[in-house]
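Structures incoming, each one as structure tokens.
Paired with chain B in one complex and with chain C in the other, chain A is shared by the two complexes that follow.
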Partner chain A sequence: MTRWIEANSWTLGLAVLLAALLLMTKLIQPDFGASGLESLARAALPFALATVGMAIVVIAGGIDLSIAAMMAVASVTGAVLMDGATDAQSIPIVIGVLLLGLAMGAINGTLIVVTRVPDIVVTLAMLFVWQGVALLILNAPGGGIAPWLRGLITGSFGPDWLPRAIVFLAVVTAVIWLPIRRSKLGLRLYAIGSDPLAAFRSGVPVGQTRIVAYALCGLFAALGGLSVSMGTGIGEPIPGPYLLASVAAVVLGGVVLGGGRGGLLGPILAVLILRTVRMDLTLLSVDPNVAAIIEGSIMVAVVMFGAVLATRGRHA
Partner chain B sequence: MPDVPSDAVLDATGVAKRFGAVQALKNASLQVKAGQVVALMGANGAGKSTFVKILTGVLKPDSGHVKIKGRDSTVANPAGARRWGLVPVYQEPSLIPDLSVLDNLRLGDTPVDPFRHWVSELGLPDIDPEALIRSLPLASLRIVDLARALAIEPDVLLLDELTAALPTDLVDRVLKTVRAQADAGRSVIYVSHRFNEIAAICDRATVLRDGLTVGDVAIEPGIEERIVEMMLGGAVAAAVSEDRPAKTVPTTTPRLRVKGLKTGTRLTDVSFDLHKGEVLGVVALEGQGQDELFDVLAGNRKASAGTVEVDGTPKTFHHPADAIAAGLTLVPGDRAHALLMSRSVRENIAVPLLARIKNWGAIRMGEEAAKVGQAIETLQIDTRAQGEVRRLSGGNQQKVTIARWIAKGVQTLLLFDPTRGIDIRTKRQIYGLVRDLADEGAAVLFYTSELAEIRLACDRAVVIFNGRVVDVIDAKDADESTLMRAAYGLTERAPA
Partner chain C sequence: MKRLLFGTAMALGLTGMAAAEGYKIGISNTVQGNGWREQMVCAMKAEALASGKVESLNIAHRNTDAAGQLEDIRNLIQAGVNAIVVNPSNSEGINAAIKEATDAGIVVVAVDQAVTEPSAYILSNNQTEYAYLGAKWLFEQMGGKGAVVYMRGAAGAGADNDRDVGFKKAMAEFPEITVAQEVFTGWQQDQGKQQINDIIAAGVPFQGIWTSGIDNVIVDALVESGAPMVPVVGADNAGFVGQLSSVEGLQGAAVTNPGSVGGAGVALAIQILDGKMPAEKTVLVNPALWENVTDEGKAKLAAAANPNLSPEWPVSVSIDGWTSYTMDQIIACKGPGE
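And then the complex of A and B:
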């Protein structure tokens, strides 16, 4: 038990921080309640899915700068195909979009492994490629989306305080990640991020595992792109601010840039924290430019504070 | 199998490998029979580590074959080598730092119960399987790595410098276990510099020199001398004698006095004096603590015990800037660490001139040009490609790293293998340069992996083995076989 707390102290700290922030929100805005929580969760969903994808790649020792552009491709592909489609037709379309996400990620990963060009360069180049692809498919926001998909993330369950968007996020992440985390593939993802040479010598197929990591990132980008459409009802060809936000949440969530350490729960909590901070600053009617400065400062402060705590812990 | 020439379990023949211009292996071979422990030996640069990488499937040979139990196992990955029955334990443990011991076992499909058996057999019964690898000390990691290999029950076990940095009690257990493996009918390849361990557990020794297998001998009392001769080859006879008048060691305060220096697990107890005007050679096999010694002297690393005195004053370096302020200047072994590769020769030489804060502001071009020009001339640096240092040859790059300290003026120069991988003509120029610096009053500490250089460039040499100074030899007596014997710990005598 002690060890579990020790191993997950960062995540627990984030959970406490999030609870404190929500409490503060209630103090700032006494009528903040179920509906406020619901819209917060719905707004945070694309950010959270992007962060999960980014976290997987970062755990495996990489980074994917093309994540927001892949989300745009998925969003417009889904919206164009689903425009006027029946519910029955929309299911294979969703599956197709998810496969498209996997494929885009796998292309990123394969290029990195085969060309040996650094990941940051390859995915920066692919950012432009996927951006172009998205605009070719749909040059202005448009298209449509099946109503049942919108229903998946709108509203709350049971006693009103459990937003559907949170349930959706938890279910898709758990269904995809938990089986991987518990299999050898999960170990391999952590292994190549932690020490690629030792992993190679331990018999891990390093190249293949890296491609899988990027493919998973693409899959979550596709889910994120769909969730953008699910929120707005249309396809968005211009990538949203998801790239930097996801890197920020990954770092704040306790995943070490460089790989090998961290999980997915921390980054998800970090996304919610960053969104709540933004909401609170808006509620306090802080100038948006000042709000951005405050958000950045909070990030640096939290990560530094965490590093200090970690160093103390080791010496104690 | 029709093409099995012998009863060898592992049979490597005619293995060759080239890296760019360097032919690392020319024709290496190795045969290991069931029930045998075979030592793989060779001096620094003989091609041992390349050969190990080929045997274990990390590298593909350009030509030649590796057969395990008669089947071609010339594969290109470690997983493949393992399928054929060869499991290596590398010098650097190949465990994933951010995974637990148990997860590391799962990663490689290692059975857990045999692993537990072997860790307790090897003297670590209380290891916590949930502990993260990065939280364990290096000695434990080696034991975990070895136990993991043993649990797989390989036909051939390859152990690369396994006992380096292990405490003595664990070494004994490890050696017993390794011998027992062979007695149970398995085969072991034992890569080591340590003759006492080889005598204790090995049946045969295969010796590499310059990328060639030059001998395969049975281990018997007195074989050490023959192995040393094989590792040296014709070099002994061909040793160039360029005797300089012997220097009398001055009795004044030494420029640099090192006493009982210790850090990490490799550097245990090193003491020596280095005087003004002297070039003191350092001779050591790989990994005997010389890297740590230079790190401490250059301020990259702190000593856990011992003292460093500069001109009679005790010094502690917390940062390389402290060492530089005390007049100690390191020329690192890896040129890439010392040079600004995409800047010009002039800028590279001028960098230390500018590194003083009082020169903040405009660069005095005239003065700089004069000093730099003088250094280039002294060193005969080929400046045709001077726009970018990366385009110079390795030898000219190395000259630039030394030239910058001539331009600045140097008191104590720490040279770490400055002539590795450069041509003979440039080497001679560097020896000359080092001598000139000493004649002008500098003190030079000169580590080299080429034994012949001691006579050519140094006044005396300290020999380090297993983290301690085992001998001090005058340049006139420093022929290669004397140095080699000392470096292998065969002639241990307490330094005066």
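And then the complex of A and C:
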């Protein structure tokens, strides 16, 4: 038990911080309740899915700067194909968009592995490519989305305080990640992030595993793009602010930039924390320009605080 | 640590629960650091202050997409505002949150660009007319023939689409006008300047330039490169209006696109809260054109120029019949309680 707590101290700390923030929100706005949680969850969904994708790549020792652009491609592809489609037609479209996400990610990964150009350069270049692709598919926000998809994340599931968007996020992440995490592939992802050379010498196919990591990132980007459309009802060709936000949440969530360490729960909690901070700043009507400074400062402060704790822990 | 957090929360909570008197108005805007939008926000603040009926403003003003704006609007609903004035990031993407707001009894006014949600009021500059008016003047100035550089705004933005409709309408009336180059400036000064420099350097022949409001840097580029002056159409940004009177040999026209629609939107929201419903759900503000070719136009330009304004701000700082603040109030950019 103690070992489990020790191993997950960062995630637990984030959970406590989130609880404290929600409590504070309730104090700022006594009316804050189920509907507030619901809108918070819906706002967090695209950020959370982008963050999960980014976290997987970062755990595997890489980074994907094209994530927001891939989300835009997925969003517009889904919206263009689903415009006017029946419910039955929309299911293969969703599967198609998810496969497209896998393919985009795999292209990113393959380029990195084959050309040996640093990931940051390749994915930066691909950011522009996917941006262009998204605009080529749809040059202005438009299209449509199947109503049942929108219903998936609207409202609560069973009890009032459990937003559907959270259930959606939990199910999707668990279904994709848990089997991988428990398989050989999961070990390999962590291994190549931790030390690619050692992994290679232990017989891990480093290049192949790296491509899989980027493909998974692409898959979550596609889910994120679909979730943007599920929220707005349309496809958006211009990428949203998901790249920097996902990197921030990954770091805040306890995944080490450079790879090999961290999980997915921490980054997801970090996303919820960052969205709650944003909500509180709006509720308090803080000057919007100052709000951005506060958001950034909180991020730095928490990560630094964590670093201090980690060093202390090691000495003790 | 816990006690500290709790104490801070209590302190913050108390300020949040200040006694309510007058209206609480929420504002949502998704482009930050652009002169036009900054003027819009300042006009909103100034109008709220000048009306004397607004107790506090809750401003969500950041760079984000429609999904982020959904979040902001829902946060404003949580904040318990009476009305929300929003510059929509696009016409359909935020309908869900607007519906939730109006269902909760909140008055929603979309300014600058329209939304398709029927429960919202719309107060907008007529963007189709904006483009048509300027393009028509430009094509007449070019003698009805030649090639025009078409410098658009941001790909996918609602206002850009509307302006494209107006531009195409003018093109249809002048069959001998062709488009030399079509580019998206993204409404970014640096990007627009780079693009016109590239076009000049490439030697593409053109007889006129239509811009979607990134205008003064285009004139700068023409002057700096020594390229022959061609007629330029821009918006009524202070910098460009100044150039129309000062740059040797420049023929041009400024089409008004007041950022003060934001202030008018706040005024409309207050009217509705007071129980005075407008006759129509959509109110369009029509643009005016000020050119520097005729004496009449020159006089209008001279009257509009104001050296106290930031060069990226539109010079039309107020809208007759809607806004009630003074020039000093909008420049001060302070809302109630600031």
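Just so it is clear, the second predicted complex is superposed on the first by the 316 of 316 C-alpha atoms of A that agree within 3 Å, B and C clash if a C-alpha of one lies under 4 Å from a C-alpha of the other, contacts with A are read in each partner's own complex, and residues count from 1 in each chain.
Keep in mind that, in the parts below, a residue touches a chain if its C-beta (ideal position, glycine included) is under 8 Å from a C-beta of that chain, and two chains touch if they have at least 3 such contacts.
These numbers come from a predicted model, not from an experiment.
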item	value
Combined model on chain A where chain B meets chain C, clash or fit	fit
Contacts of A:S39 with chain B and chain C, given as first, second, both or neither	second
Touching partner for A:A199 - first (chain B), second (chain C), both, neither	first
Which superposed partner A:G132 touches (first chain B, second chain C, both, neither)	neither
Touching partner for A:P92 - first (chain B), second (chain C), both, neither	neither
Partner with the higher number of touched chain A residues, chain C or chain B	C
Chain B versus chain C as contact partner of A:P179, first or second or both or neither	neither
Chain B versus chain C as contact partner of A:I234, first or second or both or neither	second
Chain B versus chain C as contact partner of A:A291, first or second or both or neither	second
Once both complexes are placed on the shared chain, angle at chain A toward chain B and chain C, C-alpha, multiple of 10 degrees	120
First, second, both or neither for A:R278, with chain B first and chain C second	second
First, second, both or neither for A:M24, with chain B first and chain C second	second
Smallest separation in angstrom, by C-alpha atoms, between chain B and chain C in the superposition	30
Residues on chain A engaged by chain C in the complex (per definition of touch)	20, 23-24, 27-32, 35-36, 39, 42-43, 46, 135, 138-142, 150, 154, 228, 231-234, 236-241, 275, 278-280, 282-285, 287-289, 291-292
Contacting residues of chain B [partner chain A, same complex]	58, 77-79, 82, 88, 90, 93-99, 103-104, 106-108, 130
Chain C to chain A touching residues, read off their complex	2, 5, 8-10, 12-13, 15-17, 32, 56-68, 70-72, 74-80, 90-96, 154-158, 160-161
Contacting residues of chain A [partner chain B, same complex]	3, 184, 187-188, 190-191, 193-195, 197-205, 260-261
